[in-house]
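Each structure below is given as C-alpha cells.
You will see subunit A twice below: alongside subunit B first, and alongside subunit C after that.
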Partner chain A sequence: MLSEIRRNPLLILFFILGMVIVGYIIAALSHMLYSQLVLHPGEFIAVIKDPVVLQSIWLTLYTSFIGTVIAVILGIPLAYILARYDFHGKDIIEAIVDIPIIIPHTVAGIALFSLLMKRGAVGTAFSKLGIVFQDNMWGIVMAMFFVSCPFFVGTAREGFKSVNPNLERVARTLGASQWESFYQIALPLTFRHIFSGAIMSWARGISEFGAIIILAYYPMIASTLILARFNTNGLQGSQPIAVLLIMVCFVTFVVLRLISKRGAKR
Partner chain B sequence: MVALTAGCASEPKTVSVYHAGSLAQPFQAVEKNFEAANRNTDVQLEAAGSVDTIRKVTELGKQADVIGSADYRLIPQMMYPNYADWYIVFATNEIVLCYTDQSKYASEINADNWYEILQRPDVLWAFGSPNIDPCGYRTVMTIKLADLAYNKPVFNNLLAAHTAITIKEENGVYTITTPEALNPDTKYVTIRDKSEDLVSMTLAGGIDYAFEYRSVAEQNKLKYVELPPSINLKDVRYESTYGKVKVKISNGTTQTAAPIAYGITVPKNAVNKDLGIKYVEQVINENGQKIFNDMGQPPTVPALGSGTIPEQLKKYVEMID
Partner chain C sequence: MIHVENVSNNWGEFSLKDISLNIKEDEYFIILGPTGAGKTLLLEIIAGLHFPKEGKVLIKGNDVTFLNPENRGLGFVYQDFALFPHLNVKKNIEYGLKLRKVAEDEREKKISELVNLLKIKHLLSRDVTTLSGGEKQKVALARALAINPKIILMDEPFSALDENTKSKLISDMKDLHSKGGITFVHVTHSQEEAILLADRIGIMMGGTIVQVGTPDDIFYKPITKEIARFVKIENIWEGKVKEKNQDEMTIDVNGKKVVALPDHFKVGDEVRLIIRPEDILLGKGNTSARNEFKGKVLSVVKHGFYYVVRINCGFEVEAAVTKQSIENLGIKEGKDINIFFKATALQVIKR
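Presenting the complex of A and B:
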C-alpha cells in the first residue's frame, strides 16, 4: 500500500480526503473518551462495576442480535427475489422496504406501538402465545428489527445481484434441485454481503432509541439508560455509560470484521 | 451599530426558545405574534422535559435565548447564580386524569372513584417519570394527596404496590422517594420520560388512563377527570395542604408540592438577549395572556417576578421578593 502511494499521486489525494472522514469521527469521540478515561477514570470504573449498566448494555447487544437474526431469516428470501426476478410492483416493494430508514424514529415508535401494543391487532394475537411487546424485551427486538431490516435486505440484495445467475442455472442443468443450487451456489457466494449486512443491521439496532422509548421504555436498553441518567444526573452520570457502550461495540465490530474477512478468504 | 444591524437585515435573527413539553402549543402561538412584532426574526422552539431543558444550558453549554419551565422553582434551583438571576411566573396548570372513549370503564369514571378504577387488574395507567418530568413528580404528589383527601390508601395501592417508589412520614409531612430505577410493574402501570409521550399512547388505546396537565388534555382533545382542588395542585388556597407532601427525586433534590406555576427567564449566556426579553414580553403581555387562557393554562395576571427583572419587563410584573 505505502509503496503504491509513492508511485501514485492520485492515491495521496484520496488518502488525504478519506482521512478527513476518519479524523472527523475520531475528533467527535476523542474529547469524550479523553475526558472520561483520562480525567475522570473513577466514574468510568464505577460504571463498569454497576450491574444496572452492564445489564442494559448486554440487553442492547442481545435484543439487537435477535432482531438481526429475524432480519436474516426473513430478509434473505426477500433479497434473493428482489435480486433475481423482475415483476410488477417491484419498485414499490423496494421503496416500502426502505421506509423505515426515512421515517422519523418517534413516528416509527408510535406506529409500532399502535400495532404491537397489548390491545393492538398483532399484540393481542401474540399475547395469547405469551409474547408481549409493550414495555417488554420483545418490543425492543421488534423496534430494532423494524429500523434495521432495510440495511440487511439492501446489502444482501446487492450480494445476490453480484452472483452470476448462470452459475445457478448450470448447477440446475447438472441435476441440482432449486434448493441445492440456492443453498450451495448463491448463498455461499453471497456470504460476505450477508455477513456485512447482518453487522450493519445489528449496529443499526444498537443505535436505535427513538422508536424504542415509545414501545418499550422498559426494560431499559443502554441508550434509554443514558438518557435517563443524563436527565437525572447530567453529563457526569450518562457519559461513562456512553463511553463503555462505544468501547464494547468498537471491539465487537473489529472482531466481526476480521471474521468476515477470514470467511471471505476461504 | 444600529445602522450595521439594519444593513444586514436580510439574514433573519434566530431566537432559540427551550421549553417544557407542555408549553409547546401556546409557545407556537406566541411565536406567530413575536415574529409579526419583530420583523426579520426566526423563533426556534425546542421542547423537552423541564429539567432536560435547563440542563441543555447548564451542562451541555448550549445557548438559549429563552427558557420556559413547567416549574418556576427549577430556574433558581438549577440556573442561579451562573446562568440566570431572574424569573417570571406567568401561568398555572393542574393535574388531571386523561382518558378516551376506548379506555376501560370510561363510562363509569369520575372524581369519586378514579382511584378505585385505576386499581382494577385489567386497567393500565401511566404517568411521566418523576425524576425527569415535573408533571411526573406532581402526579406522585397528587396521588399522595388523594390519600389524605379520600382517607383511603391510594398511594399504597397505586404506587407503593407497583413501583419502587417509597414513602416516609415525619410529623405529618410525607417524604416520597423516587429512585432512579422506578421498576413499574408494567402490567398495571407504566412510566415514560415525558408525560406528553403518553398522549399518543392513550389515543392509540394502548393505555387506559394517563396523568397529564389539564392544558395537555385540552390541547389534545382528550377527555379528563377533573380532580378535587385539594389534590390537583391548582388552587393557591390549598398551598398548606399541598405542602405536607414532598418528593425526593433521584438527583437528590426535594420538591415540595405547591400550586403549579410556569417560570420563564432569559439565560445570562443568551446570544440574542434583547430578542429573548422581547419574546418573554410576548408571553406575559395581553396577547400572551389570551393565548394561555385559550389553551387551558390560565395566565397569572399580573405575572410575578423575582430577581433582577429586565427594565422592559418591569411594567408587566409584580415582584414577589
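Presenting the complex of A and C:
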C-alpha cells in the first residue's frame, strides 16, 4: 500500500484531504477529553458520582433503545417490501421515510409536539389510554424513533436487496411457507444489516436533541442536561457530562461493532 | 403430467401470451428460446412462484393454478444455483427434508443416497460459498431431488458453467433421467443442450410457445421463418407452387425449379422453402438428389470445425461443409460449383 501511494500523486492529495476530516473530528474530541480528564479530573469524578447525571445518561440510552426496538419491529416489514417489490408510489413512500433525515430537528419537534401534545390529535387519544408524550419518557421515545427510523429502514432495505430472491423462491419449492422462507432464509442473511441498522438507529436516537426539548424537556436526557448546565454553569458545569456521555457511547458502540463482526463471521 | 392451458400473464417487460403445453410423464422437455422470451416466467408459473392472470395449470390432472409452491412438491434448480449461503452443503440438501419433519436417520439415509448418486460425498461439510460452479449445481440438484419430486424444473441450469463442466453435467442429467420416475422441464437458450437432452422441445419466442416437437422436428422442420432463423437456418427461399403430382411438387424460386415432396399445398400457393445448410451437398454430380443447380461461390467462412459456403445459383444458398471437402473440391470465392439437395430434406411452409 505504501509503495503504491508513493507512485500515485493523486492518492497522496486525496489522502491529505481525507485526513483533514479525520483530524477535525479527532481534534474536537481529544481536546475536550484532554482538558477534562487531564487538566480537570476532579470535576469529572464529581460528575460520575452525581445521580442526576447518571440518571440522565441512563434515560438517554434506554429511551433510544426502546425507539430502536420500535423501529426494528415496524421497519423490517417495510424494508422487506421496499427491497422486494415494485409498485406505484414506491418512490413516494421511500421519499417519505427519508423526510426525518432532511428536516431540521426543531421542525420535527414542532410537528411532533402538535401531534402528540396532550391536546394534540393523537396525544388526546393516547392520554385516554394513560400514555402521555408531552414532558414524558414516551415523548422522548417517540422523538427518537421519528428521527432514527430512516436509518434503520434504509440499512435493512439494502440488506434485503442484497439477498438473492431466488433463495426464497427455492425455499418455497422445497416446502417452506412464505413465513418460513422469510425467517429461515431472508432474515438470517440480513442479520448483519439489521444489526448495524439498529446500532445506527440507536446512535441517532442518543444524539437527538432539538426535537426532544420541544416535545419533552423533562425528564432530562443527557443532552438536555448538558444544555441546562451550560446555561447556568458554563463550560465548567457541562463539559464533564459531555465527556462521560462520549465515553459511554464510544465503549458501547465499539462493543456492538465487535459483536456484529463476529456475527458476520459465523 | 403437466398441462398448461391458455396461460397469459403480464409482468411489465415480460408477458406471456396464451401458452398451452402438454408435458408427458417421464419426459425430458426443453423450453428453448432467445433471452427475454419469458421462459423463466413460464417455469415459475408451473412452480407456483407466480400466478397467471389467465389460464390454468394442471399437474397429474389436478388444477394447481393457484396452489402455493410449497404444496406442489416440485424440485427447482436455478441458473445461479441459489444455494443458501448461511448453511453448509449438508444443511442445504436436507432443508426440504427438515421442513417435512423427516426423522434424522431417514434424512441421513436420503442424503447419503443422493451424495453417492451425484458423487459429492466429499463436499458434505463444506461451506457452499467455497464450491466450484459444477459442484454448486450438483448440490442444488441434490437439494431438489431430496424431496423426491416427480417433476424437476430447471432454469438455465448450465449457463453459468464452463464447457467441460457443462458436458459432464449433461451426461449426469441423462443418467438421472434414464433412471425414470422424474419429469424434467428444462429452460435454456442453448440449442446444444436441447439436442443433447430433449425428448421434446418447445420453442418459445416473444412470450409464447411457437412450436413443439422432437429435436428432429424443430431443427429440420421449423414451422416459421423466425424459428428457422433461431435454429440457425439461413436457407429460407420464397417461391410459388407451379406443378403438383402424387410424387412431388415443383416450386418456382427466382425462376429456378425446385422439387419438394407433395404437401397440402395447391398449385399457385405462395410458400417458403427451408433447408439446413448441412443438407446441401457440393460437388460435380452423381448423386440421387432430385435437385441440382449450377452456381458460383460468393464466400467461404470458417465456423469452428466446419465451413459455411455461400453460393449464388439464381437464389442464395448456404452450405455447411468440412475442411476436407473445401480442399478436395478446391472451393474458393468466384468458383463455379454444383449444389445438390434431396427433395425430402426440404421443409415447405406457407408464406
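Points worth noting:
Criterion: the second predicted complex is superposed on the first by the 244 of 266 C-alpha atoms of A that agree within 3 Å, B and C clash if a C-alpha of one lies under 4 Å from a C-alpha of the other, contacts with A are read in each partner's own complex, and residues count from 1 in each chain.
Throughout what follows, a residue touches a chain if its C-beta (ideal position, glycine included) is under 8 Å from a C-beta of that chain, and two chains touch if they have at least 3 such contacts.
Note that the coordinates shown come from a computational prediction; the quantities given were computed from them, not determined experimentally.
Judged by the touch definition given at the top, the superposed model places A:217 against subunit B, while subunit C stays out of reach. In the superposed model, A:135 makes contact with subunit B only, not with subunit C. In the superposed model, A:18 makes contact with neither subunit B nor subunit C. Once the two complexes are laid over each other on the shared chain, residue contacts for A:227 go to subunit B alone; subunit C is not touched.
Touched residues of subunit A were counted for both subunit B and subunit C, and B has more of them.
When the shared chain is aligned, subunit B comes close enough to touch A:120, but subunit C does not.
Contacts of A:104 after superposition on the shared chain: neither subunit B nor subunit C is touched.
Comparing which residues of subunit A touch subunit B with which touch subunit C, the overlap is empty. Those residues of subunit A whose C-beta lies close enough to touch subunit C in the complex are 164, 166-167, 169-178, 180, 185, 188-189.
Across the complex, subunit C meets subunit A through its residues 44, 47-49, 68-70, 72-76, 78, 80, 82, 84-86, 95-96, 99-100, 140, 143-144, 146-147, 153. Of all the residues in subunit A, the ones that touch subunit B in their complex are 52, 110, 113-114, 117-120, 134-136, 213-214, 217-218, 227-235. The residues of subunit B lying in touch with subunit A in their complex are 49, 51-52, 55, 58-60, 124, 129, 131-132, 180-181, 184, 186, 190-193, 197, 200-201, 204-206, 249-251.
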